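Chain lettering (A, B, C and D) follows the sequence in which the chains are written, and residue indices restart at 1 in each chain.
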Amino acid sequence: MLSADDNNSKNYRENKKLAMRTPQIFRYFVLSILLVFSSYTLSQEPVRIAFMDPLTGAFASIGNSGLKQLQFAADYLYNSKGGILGGRMIEIVPLDNKQSPTESQLQFRRAVSGGIQYIFQGNGSAVANALNDAINRHNRRNPGQEVMQVNYSAVDPILTEENCSFWHFRWDAHANMKLNILTDYIAANEGINSVYIIGQDYSFGQVVSDTSIELLRQKRPDIKIAGNEFHPIGQVKDFTPYVTKIVASGADAVITGNYGADMVSLARSIIDNGLDIPIYTFYAAYDGITATLGEDGKDRIRLIHNETSNPIPTEQRKEFYRAFKAANPNNDVTQPRITNALMMIVQAMEETQSTDPYDVGLALEDMRFTTIGGDEVWMRGEDHQVFQSLHISVHTDEGVEFDADNSGFGLYTEYSVPLEETIVPVNECRMRRPRR
Amino acid sequence: MTVIKKSTVWICYLLGLLALPQFFDSVLAISIFNQMAIAIVFALSYNMLLGQGGMLSFGHAVYFGLGGFLAVHALVMIEFEILSFSIIWIPLVGGFIGLLAALFIGTFSTHKAGTVFAMISLGIGELIAASSLIFVSFFGGEAGISGDRTFGPPFFGIEWFQNLEIYYLAVAWVFIATLFMYFFTLTPAGKMANAVRDNPERAEFIGYSARRVRYITFCAAGFFAGIAGGLFALNYEFITEENLNAATSGRVLLSAYIGGLGYFIGPIIGAVVLTLMNSLLSNYSDLWMLYLGIMFLLTVLFLPRGFAGFIMMHQMVWAHGKIKSLVLPYLITGVPSFIFVIASVGLIELSHTDEAEFYYLGLNFDSTTAIDFILISIAVLAALFCIRKSLPQLRAAWESANEISDDDEKEAQS
Amino acid sequence: MLEVFIFATLNGLVTGLLLFMLASGLTLIFSMMGVLNFAHASFYMLGAYFAYSISLHFGFWTGLIFAPIIVGVLGALVERYGLRRVHQHGHVAELVFTFGLAFLIEEAVQFFWGADTKNYQSPDLLDFPLFTLFGQEFPAYRGFMIGISITIFISLYYVLTKSRIGIIIQAALTHPHTVSNLGHNVPLIFMGVFGVGTALAGVAGVMAGPVLTTFPGMAVVLGSIVFVIVVIGGLGSLAGAFIASILIGLLQSYAIASDLGMPDLLNILGIEFSRDHPLTDLWTLTLPQIAPILPFLLLVLVLIFRPTGLMGKREQ
Amino acid sequence: MSVLSLHDVTKNFGETEIIRGVSLNIERGEKHAIIGPNGAGKSTLFHLISGLYNVTGGSIKFKDKEIQNKKPYEISRLGLARSFQVTNIFARLNVFENVRCSLLWSSGYKYSFWHLLGRQKELNEKTLEVLEQIGLQDKKLTPAGELAYAHQRALELGIAIASGAEVIMLDEPVAGMSLTEAESAVELIHRITEGKTLIMVEHDMNIVFDVADRISVLVYGEVIACDKPENIRANTHVQEAYLGEVVTDA
């Protein structure tokens, strides 16, 4: 590990090097291009925020849906009302990382090239980790041009534990927090005597498996772990053989962290083979999945997430949903945390009257904020992990005012846990704070 | 005389590479150049295998990736002071690992060329890509492993903070690697690789074991792929399993093929074109992969020897000064072709967009009504019609240009 | 344990027979034209997507009939205007062409149908359990899949051995040049075989779409496996392809069903490693974990020790 | 003293016996022709000697070493070169490179990847000499695949003789040539095999009687006669079995 002194001397050398080059010219260059091409042609430079997620390829629908939400939130909440910081618009710059760590690195350089200092990213913990590394390296080597990682959805605990960083803020509950609530819920269900855990063979799948087993052992030692299975990501053609094992094991419930096509195939196999047990999971709604599961999945799939989908508590948020739906008839507000993140960052900017990620970062630490859904949010300063109430919802068509994929089906919240009960202690985060 | 002429090409190559950052110096541009440098070495190494040695591989990324993984591990070891050497040697670490892997895998995969080799390479590629997700302690799972290049002893005061510094280092390696790969084609082993590609049976009757010749080429290709992997490690400072999976193998096949197999310069062209498409085109359109696929298929269909082959086709005409006679016919076909491409892209984009208003080439289209669709469709059809009409003319011009060349040659000979 | 074994066998058979539907077309194409069609699984995907679109308006059964026909016509067109042109540049060019085609079809599918999964449903008519064994249902649709596959195998076998065109094709399998010397319109036969081969892939797609999820990655998942089958079975051997399909279907199914792994092996050997051993990933490997890569392992082994495949005769 | 001797060589393909116990001794410096009707097994015999096929039984000795079932390249390195009935050249290499490749092993370069071929003066001169011998010096930069048929045949010979092997086996060297082409080819064969051992399969009897010192007649995988040309011509047995019909055909 690097000592603080080394760090400083490196920074110093770095500064000298930078002074010798001419980044200013470049910035003017970018600016002038912007002035020519920007559709706003404003007197003031817009605040540019990048949205980096897969916009092409297999995961494109999730990425594009997120992009639309961020774009809409920026326009609806700020740009249409005269902007922020006394008249500056928010400009969302889409960057397609194709769900690849390598491509993310390239897109990150593109962002830096364009003078962007805030990057929203959510899909894929591998990408988030790679981006975290890249941003830390960049910020260390280029003081004054720091970039903040706005993680709205990557749930690998490591990002706010061992690898926590001043420049990374997470607006989603991490996997362990979610599992904590999910296992509470399972433990409280007397009918469940054994569970089967199945997941994709990678870090998140393993986290889900290890943590659920540990937590269930603490909470309900009598629950039998009927199976603990890993399958390769995206390689399984047919989940029926796995379902056979689940049937044979006599499990009463399935826990899985699968996403994308692996989630759909697994759920479909379980349903098609007539196995009538609940599935507890994270990513089994929206972006085509709800429509695909349809009637078959009713009352069988339960998800853990923040911000309820149905019923929605405040009129303000309902209004936001309706406006979004009017603008994007084929999409849903799948990730309200994108809006939360944007609103909190803007609030921090307004407080500090600065767009420098360092100032904004300090202002975000320990910020308490009320979302348009009336939910209270706390950004913990020690590890930059957000806390807010968590909910478990069921896939159904009853009581669903805001459905998903225009299918009539959606999520209905059955169980909620207030903010205080979601808090987990800071375990392994020893954050190195930059000095100014 | 010829020595000077030949070295001029090389000096231009080196100067061109060195001068690039003088013209484009944004962070993004440097990052694209770095990518290009890596792609060039990788594509050249693939060409050694397929173009020179006739071995169609669907798993060449294995050597690239393994080289890269070991290179990142070496960076980590330097960081933790287990090793201590300047990071300029990291590509060599990658190359060495690529070579080792090829030495081992080559013992059973080079037995035959053709489909058998292709299938073994596919199988090995899938196996290693799958194992890379299973053996997490070495490969780091889907998140990969990462290092930091700034911890080694400084090299003449350079500590490799900036990507520009890495670019110059990459240029040095690209130049050396290109030079050595070129020299390889001029050695007995390199020439015999061509001979075995053309006719493995006959090669055996002039004293060479086809298998051994393939093995040597295979190992050399593995070595240079590893060097490319090492450069990757230096540039990105991390590597993941996606760098040794089938998609990466497919991409290098694409770039070598589009550039032109068999021509030494082909893969360089291919690598540059593909990198630019990947990093620039993808910004303008979600559909760039579709365009890439179409371009690839058209290349296979109409330019079987790639871009380099297309250029080389004109060598004879050029040498006999007949190129002028082709300019007009090329223009007559070229202009409608250009319009055809532009209009087709417009049509595809227009039918893909969700927005009601659609900007393309500074024009504003309305995707909700049929009129704009019809207008563009008419443009596409008209251009297509013009191309069809002008093609016989082009063909005739081409043939006459080449025919006269033949006559000239006969005159020259008699 | 017995129930797991029985269901594993059934699942293996379903997968194997599905794979055979793909492999049979690929084998036919390879035998005749000497080219491994990389895009074969892409036609399978097209089958699923066409059937999905048709089923939205006309129901599943119309899709089952028309989707393969559309796919077959597309395949024939690809042969006529693509492959035939590339043929003159040799096998590498052909292989590369089909490789590019696979790439393009995947992109085209995303262009026309989008990147998300499609809600392609099996018909209501078959939406009942065929039988229930040890508490697990065996869906009627899977039984239907088995039925269709076996029907195809039998009729293909019958056509190839009994009909005139079949005999010509059989001859072309082993002696392509002689057949063309005998004055048969070999290009037309090629086009026909390519069309029929891709149509078979289309049928597989129609059948598999509702079970294996219809999404743009479905070709990639299956594509290389089908290759593996054709090579393991022996290039140009229908029987070999059949055996290899079933073999791989069962192999994967049993591997997943089993709970064996390195820990069990080490137990038997009486060796123990701590969890932080550098090779701990290797010591904790289980069979289900590596099930999907077993075919590739088998492929490499077969190619090293028996390059002609299990039933193959022709050296290349 | 015989340089190449076959002892009771047999070769079966499955059930079919193609070569049925051939014994043959070729003397050093001899020009030996093998004739026989189509399907007699002449080419198969060549393939057995040069190592393309493995024998089913019997032994083949080359310079007192057993070479049956050895790999072609091992046999080639011992000094036995051959040409093919169907043109068998390196199509995408140019003529010069074709010949130079066949000189590489005998010049001791082996699998070297540290010699630059352009700088090997002696090798390149030797290549030019061979090109001159086969009369292709004007075409040296033409890709071999684009040569006219007769030139390809000449190159085929060139590749076979370039290495300076002492035993040269030619499989129908003038097959498919016009009369004048064949004449110059025969002259070429005379020229390039001077002082060497030649084994040749040929259908054209005029050429056979012109070139050969001794002739073996192979019928259905058996040598039915092996003698001087004039004796073969006189041998009624041979005439009955084979010679008569071919002569009238020609």
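Going forward, a contact is a pair of C-beta atoms (placed from the backbone, for glycine too) under 8 Å apart; a residue touches a chain by one contact, two chains touch by 3 or more.
What you see is a predicted model, and the numbers here were worked out from it, not measured in a lab.
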Shortest contact path, subunit C to subunit D, counted in steps
2
Work out per-chain C-alpha centres and flag the one nearest the whole-protein C-alpha centre.
B
Distance in whole angstrom between the CA centres of subunit B and subunit C is 31
Between subunit B and subunit D, tell me the centre distance in angstrom, where each centre is the average of that chain's C-alpha atoms.
43
Taking the mean of the C-alpha atoms as each chain's centre, how many Å separate subunit A from subunit D?
74
Indicate the whole-number Å distance between the mean C-alpha point of subunit A and the mean C-alpha point of subunit C.
37
Going through subunit C residue by residue, note those that touch at least 2 other chains and give them in order.
110, 289, 292-293
Residues of subunit B touching at least two other chains:
130, 134, 136, 287, 289
Where subunit A touches two or more other chains at once, by residue number:
57, 60, 201, 232, 235
Show me, using the given definition of touch, all chain pairs that touch one another.
A-B, A-C, B-C, B-D
Okay, in this complex, where on subunit C does subunit A touch?
3-4, 7-8, 11-12, 14-15, 110, 114-119, 122, 129, 132, 134-139, 141-142, 211-213, 215-217, 221-222, 225, 252-253, 256-257, 286, 288-289, 291-293
Touch list for subunit B against partner subunit D, complex
183-184, 186-192, 194-195, 197-199, 201-209, 212-213, 216, 220, 262, 413
Subunit C-touching residues of subunit B, taken from the complex the two chains share
50, 54, 56, 108, 111-112, 114-116, 118-120, 122-124, 126-127, 130-131, 134-138, 246, 250, 253-254, 257, 287, 289-290, 292-294, 296-297, 300-301, 304, 348, 352
Per the touch rule above, subunit A residues touching subunit C in the complex are 57-61, 201, 229-232, 234-238, 240-245, 247-248, 261, 264-265, 268, 272-275, 287-289, 291-292, 294
Looking at the complex, which residues from subunit B come into contact with subunit A?
25-31, 35, 130, 133-134, 136, 141-144, 146, 148, 150, 159, 161-163, 236-238, 240, 242-243, 279, 282-283, 286-289, 354
